[in-house]
Structures are given as C-alpha cells and as structure tokens.
Amino acid sequence: MSSAFTKSAARNIFYGGAVFFFLLLVALTFDTMHTLPKRDNRENLTESVVRGKHIWETRNCIGCHTLMGEGAYFAPELGNVYKRRGPAFIKAWIQGQPSGTPGRRQMPNFNLNEQQLDDIVNFLKYTSEVNTSKWPPNIEG
Amino acid sequence: MNVSMSLSLPHGNRRELPGDLAMWFFILAELLVFGIFFLAYAFARTRNVELFNASQLELDKLSGAINTVLLISSSYFVVRAVDKIRHGLARACAHWLLAAMALGGAFLVVKLVEFADKFEAGISLSTNTFFMFYLGLGFFHFMHVVLGMVILGAVALKAWKGGYSAADHVGVETGASYWHMVDLVWIVLFPLIYVLR
Amino acid sequence: MTRTATFQWLILMALTAAAVGLSRSGLSDSALLVPVLLMTLIKGRIVIDRFMALQGVAAPWRWIVLGWLLLVLSLIGYAFHMTQT
Amino acid sequence: MKYKSQAVAKPYFIAAIALFIGQISFGLIMGWQYVVGDFLFPAIPFNVARMVHTNLLIVWLLFGFMGAAYYLIPEESERELYSPKLALAMFWIFLAAGTATILGYLFVPYATLAEMTGNNLLATMGREFLEQPLPTKVGIVIVALAMLFNLSMTVLKGRKTTINLVMLLGLWGLAIFFLFSFYNPANIVKDKFYWWWVVHLWVEGVWELIMGAMLAFVLIKVTGVDREVIEKWLYVIIAMALITGLIGMGHHYYWIGTPEYWLWWGSVFSALEPIPFFMMTVFAFNMVNRRRREHPNKAAVLWALGTGVMAFLGAGVWGFLHTLAPVNFYTHGSQITAAHGHMAFYGAYVMVVLTMISYTMPIMRGREANSPLAQVVEMWSFWLMTISIVFITLFLTAAGILQIWLQRIAEEPMSFMATQDQVSLFYWMREFTGFIFLTGLLLYVASFFIKGKPATAK
C-alpha cells in the first residue's frame, strides 16, 4: 500500500504555503520601509529632483538606459552617471544629441530648457547617492 | 503504477510514510530552505568570526534553552497524541494536541520577550550580519511555530469532533510530521546560533 | 510505545541540558564544537526516527531527512572548524 | 467544443497571434539597431521600438490568457459562459485600447503622449513595462474586472474544479497586483520596490498559476489521465512556485537601495525557484507517458512537453545562473538579464499560450485535430522557434559574459559603448537567428491555412 496523497492535502499545502510566505513578504516589506530612510537618500529629495524624475519618466529614458541596473541595455547605466561624468558633461551631452554619426546609436534631442536640464541632473545626483550596496562594480556601470 | 507510488517506492514489508505525501513535499522544501540558511550562517561567520562571537554574547542563552525544552516537550506530546488516536482515543488525542499547542504558545511568548529585549536595545535586521541571521532565522522559525499551531489546532478540532479513528488518522500524522519538522529545525538552530562559537 | 517515547523525551531533555552546560563551561574550539554537534546529531536522529517515525519507512524518505541532518551538521562542523586557531 | 460560448476564445487567440507577429517585427528592428545604431532613427528610436516590443508581448500574452480562460472555464464548469456578449465587448475594447496605445507610442512623442493622456494628474508612465498611458492602464483594469466578473459568475454557478479555481485565482492575482502600477512615489527606491510587485509577482507569481492551470487542462484532455492525479500535482507544483517565488522577489532587491538582508533572502529563495519548473517538466512527461489515449493532435502534445522543458531551461536554469547575489553583482543589468528574459518568456508563457491555441483552435474550427500536413508544418514551426530562442539566448549569454568581463571585471574597465562595439559579433548572430525565429512564426501562421482531412486517433 502506498502512502496517502490526497488532493485536499495538496490544496491545503498550496493555500497554507501561499498565505504563509505572503505574510513573510509583508513582514519583510514592513521592515524594509522602516529601514529605507537610512539608505534611500530621501533627505535630498527636493522639488527639483521630483521634477527631474518626472522628466526622466516622460522622456522614457528607461527605454534605452538602465538606472541601478534596471531598464534597457542599449545605452549606458545612469544610476552613477553623475559620479562618472559630472553635471556639466551631462547637460552638454543631452543638448548635443543626436550626434548624427553614421552607424552609431542615436539619442533623440528632447529640447529641454535650462531648468529642466538642472532638474534631470539633480535627479541623477540624488539617484547616485542612494546606498546600493556598492553596486555597480566600477564607475563604468 | 501511479505517480505517488513511483516517488515513494513502497516495498512489501516496509512501513508507509506517516502522513500525506503533499505535506512531505512541503517539509522537504522547508528543510531545504532552513538547511541553506544554516550553512549560509556558518560560512558567513567564517569571514567575520570576531563580529559573530562578540554579537553572540548579547544573546539570552537561557531563553533559548527554555525554548528548546518547550519545543521538544511539545513534540513529545504530539507523539502521545498520535499514539492515542492509533488506539481510537480521539478525545485523548485532542487533549495531547492541545497540550502541545500550549507549549508552542509558551515558546512564542518566550521568543517575543527575547525579541522585545533586542528591539529595545535598538537591534534590527540591518544591525549586522549576525543579527540579520539571528532575527531573520528566529522570526522565520517563529512563523513556522505559529503555522504549526494552526495545523495542530485544526487537527485537534477534527479529532475532538470524531473525524479520526484508529483505522483512519492520516491527518493526525500529517500535522504531527509538520510539528516534528519545526522541532527538528529548532534542534539545529539553537546550538548553531546560541551555543557554537 | 508510550514508555519508549517518554524515555526518548528524557534523553532529549538531558542532551539539551548537557549542551547548555557545555556552553557555560567556557570551553572553546573543538572541545565545544565536537560534543555539541554530536549531541545535536543524536537529538535530530531521535526526532527523525522516533518522533517522525521515519525508521523503517520505505526508502528514500528516511535517508533524505537523515541525510539532510548529517549534511547540514557536518558542513556546519567544517565551517566552524575552519575558523579555529 | 462542448459549449457554444467557448467560441469567444477564438478572436482572442487570433488577436494574440497577430500581435505576436508585431512583437517579433519590432524585436528585429531593435536587434538591427543594436548593430547599426542609427537604423530607422529618428523615425523609430530604440526606446519606442522597445516599448512596442515589450508592451505587445504583454498584451498578446494577456489576450492568450483571457482566451484560454474563456475557453477552459466554461468547459470545466460544465455550463455556458455567464455572458459571451460581455466577453466579446471586452475583446474589442481591449484590442482598441491596445492598438491605440501602440499607435500612440509610434506616432506621438512620448512626452506629448504623457501630457495628452493625463499623466500630469497621476504620473504612472515612463517606467519599464508600465509605459502605458493612464487611460490604457485604467482600461486594462476595467477589462480585467469585467472578465473576472464574467468568469467568476460562470464558476460560481457551475462545477468548481481545481483547474477552474487555480485559473481564476491566477487571474484575480494578475488584476490585483497590477494595481501597484498606479503607485509611483517620487522616492526612486520605493518606486522600484513596488514596481516589482507588479512585474515579479506577475511573472514569477500569479502567472505561474495561470500557466499551471492551462497546462493541466491540456494534459487532461490530450492524455486522458485521471483528473484527480493531475489536479493534486498541479496544487503541489504551484505551491512550490509561490513558496519559492514570493520571497524570491528578493533577488530584485539587491542593488536598488533596499536593505542588505535581501541579498540573503533573495539568494536563498530564488535559488529554489527552479524546483517548481523542474516538477512541471517531470509532471508533463510523466502524464504523457501514462496517457490512456492517443490524441490525434500531436502538435498540441509537443507544445505541452516543450513548455515544460523550455520553462525549466529559461526560467529555471537561466534564472538560477545569475540569481545568487555574488554572481548578480556582476551580471545585474547586463545582456545576461536579456538572455534569461527571452528564454523564460518564450519557454513559460509564449509556449503555454501556443499550447492552448494548438489544442483549442482545431476544436473551435470543428475538428478534433488538424490534418497531418498542417500538424507537420506546425511542428516545424515549433522546432524553428524553439531552437532559435535557444541560440538567441546562447548568443546573448556570450555577449553578456564578454560584456561583464570587459566592462566590470577587467583591470582597465572599458566604457559601456566601447564594450558594445566589442560584442557586436554576437549581436549580429542574434539578429540572424531572430529572422529564423520569424520564419518559424510565419510557418506557424501558415499551418492554420493548410487544409486536408483531419487527423484521427489510431
């Protein structure tokens, strides 16, 4: 005689296991939200950064770039670009696009004004100061 | 040959697995998770022995030991409960299960006092790697005790209502197996985190 | 049956007391590591074979769980042994 | 077909396949842009092509899931769908919304699109995979709720089987977790944290329930194995999927500003995520080996087995390759992620939808199975697409390894763009393989138009 294997037991394992681990996830989420202020650089979340994030989103930057490693892998990582290139370079770069070099990957020109450029730079500065557990491995991202 | 047989391969005179196979899949998954965490602790420690040894001194060994006694005893009560139902004594089975749950509850209280003490001292999951494991594994196991008590409670209720008999008590064995797993994990966890250094 | 279980429960209690005693004795390194791990092994085996009643159960179940215990304890032993001076 | 109303699945499946072709076309455009950077610039910049590629994927898979649900839930419930008209209306609404969104991406600058569609009222756009304008997102919720109402009423009034309940639970989860797409805090860490509650809890959570239910349904039908056996294994498999997958979400919380304990929790649990996929493979083969009948639809059986294997390879093995935190430290955000993404989506979700289509379409067209010739062509398309995706994955993995070496490990790390130049050979090979995939897909479409006497059981 083989050991018992019933559908009702399997069902209970499924529901019990799902609820159990979802509750664990909620508990860890709760602790994460509690710990984030020490890591997420929220003290520097200025009005300008908020506007910068909005520009980041409405220009769909994530469609080519990564930010902290998430996004598309077509263009360089920008989570640490502030540290890699500095503010002046970033602004000049955005304004100088597209390069028009034949065969090279092209970035559109978004016609950002001076304040918008400052906002996006501030957003990238804020992002670069989040504690990401030492990622990326080096400055190249 | 059906699938449940192909996996448990019974041979004539061998006894069958106590409890439902589905529960054993769950138990194996849990043992795997705990096993990996234990080894992660042991090997993370090799890279930071001083920190682990120093932090370990802040633990309350006595409450860990009391909890070991509580869990082992409650496991024993569950053995008695299974023995009762084998003889068809459903009420006695439920009584032993309730006693086991009471000890489980005591375990939770001791654990909560221990954790409250640590929180008061400002210790959290992010304090250092040792406390990450101590609190993380402790809480993870804590949740297992709670789940185990829910399972035992359901089994006890059904036993009380006469849902099991000497001939058919797979459900009791299923719940018992889970509870013993919770005990087994603690038997390794206690020396690993509280004692060994 | 009941008596055996009671006896095993008492052994488990005694082993727990012994482990706590050892931890208070101020022993260190292998003098602590080896006995504690051995006692844990015995305790684990009692829970697996007697309480869980896996002894005599058709393969491979008993060996999966006992193997888990052996593997985890020996690797823990190895990791702790590595750090001893 | 047992119930007339199951036929609403047909337009859903046709739309799914049509959008699949669109998805692959834009994939090929992107693949070309990877090697010839200014291809189609400025008409279709890379980010636009990518939005279309990924959004079409999501939308056509949703069409597939919905079609599958409208087909299998009446059959499992043993009654007609609560409201076929509502299902059909939702089809047109969803198709219109999806098409309008894609056209918006293609013909309106994204910033203008955002402004036109109320993104300033509630900013939700511009995040990976959730680029849809607000009205589209709201539309998705409405369509999903209408569908859930329709299906839930059907199940409530009919037979409640495990497959029914799991499918319904998966779809409810899909709708509920999508609500997190409306939460977009300014804090980038919180933004990313809850973004994963949509993305991870979809593809490594509730979608696995949907996938399991669809696979179990087809397996019962084509193997004739006892429902009781299949259903209890379904429960065990999806239990494992959630046990490992929920906390497995931690593998996305390594480097985005979240606390460091996620390195441990994410690594331990996500390392176990291959287990349910492995069980699914063993399960599918086991059931087919123990079949009690020879179903004439060989192609559907092939798709079902292929789903098991490819889901395990793509989601299981390729996921495991880079899920441990010390490895992920180097692979995060590289072509390795892209490699895994392609094979996992194809192996798990594309293939399970195609399995369902393969099984149901002949029935909805009035025969148990297609003609032997049509099936041979379909099986050719299976092999062409599957082998192509394997090679695409291998080429991207090679590109990823080289990229990581040059850009992240080497003594003198190269810049991103310099590295991209170095790995372009692999991108060329990937693009070439992409065309073979397209060939397979076109063959798949062609198989629907091959006539002949339906195959019958031996």
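Read from first to last, the chains carry the letters A, B, C and D; within each, the first residue is number 1.
Keep this in mind: a residue touches a chain if its C-beta (ideal position, glycine included) is under 8 Å from a C-beta of that chain, and two chains touch if they have at least 3 such contacts.
Everything quoted here is computed from the prediction, not taken from an experiment.
The minimum number of touch steps linking chain A to chain C comes to 2. For the interfaces A-D and A-B, the C-beta contact count is higher for A-D. Averaging Cα coordinates per chain places chain A and chain D 23 Å apart. As a whole-number value, the distance joining the C-alpha centres of chain A and chain B reads 39 Å.
Between the CA-based centres of chain C and chain D the separation comes to 46 Å, rounded to the whole angstrom.
Taking the mean of the C-alpha atoms as each chain's centre, chain B and chain C sit 15 Å apart.
Listed for chain C are no residues, as none touches two or more other chains.
Along chain D, residues 232-233, 235-236, 239, 243, 259-261, 265 each make contact with two or more other chains. Of all residues in chain A, those that touch two or more other chains are 5-6, 10, 13, 17, 20, 24, 31, 35.
Pairs of chains meeting the touch criterion: A-B, A-D, B-C, B-D. Only residues 2, 4-5, 8, 10, 16-17, 19-23, 25-26, 124-126, 139-140, 143, 147, 150-151, 170, 174 of chain B touch chain A when the two sit together in their complex.
Considering their complex, residues 5-7, 10-11, 13-14, 17-18, 20-22, 24-25, 28-29, 31-33, 35-36, 39-42, 45, 49-50, 53-54, 56-64, 66-77, 98, 100-108, 110, 126-127, 130-133, 135-141 of chain A touch chain D. Across the complex, chain A meets chain B through its residues 1-6, 9-10, 12-13, 16-17, 20, 23-24, 27, 31, 34-35, 38. Those residues of chain B that touch chain C in the complex are listed here as 8-11, 14-18, 24, 27-28, 31-32, 35, 38-39, 42-43, 45-46, 49, 61-62, 65, 68-69, 72-73, 75-76, 78-80, 82-83, 173, 176-177, 180-181, 183-184, 187-188, 190-192, 194-197. Within the complex formed with chain B, the chain D residues making contact are 229, 232-233, 235-236, 239-240, 243-244, 259-261, 264-265, 268-269, 271-272, 275, 286, 290.
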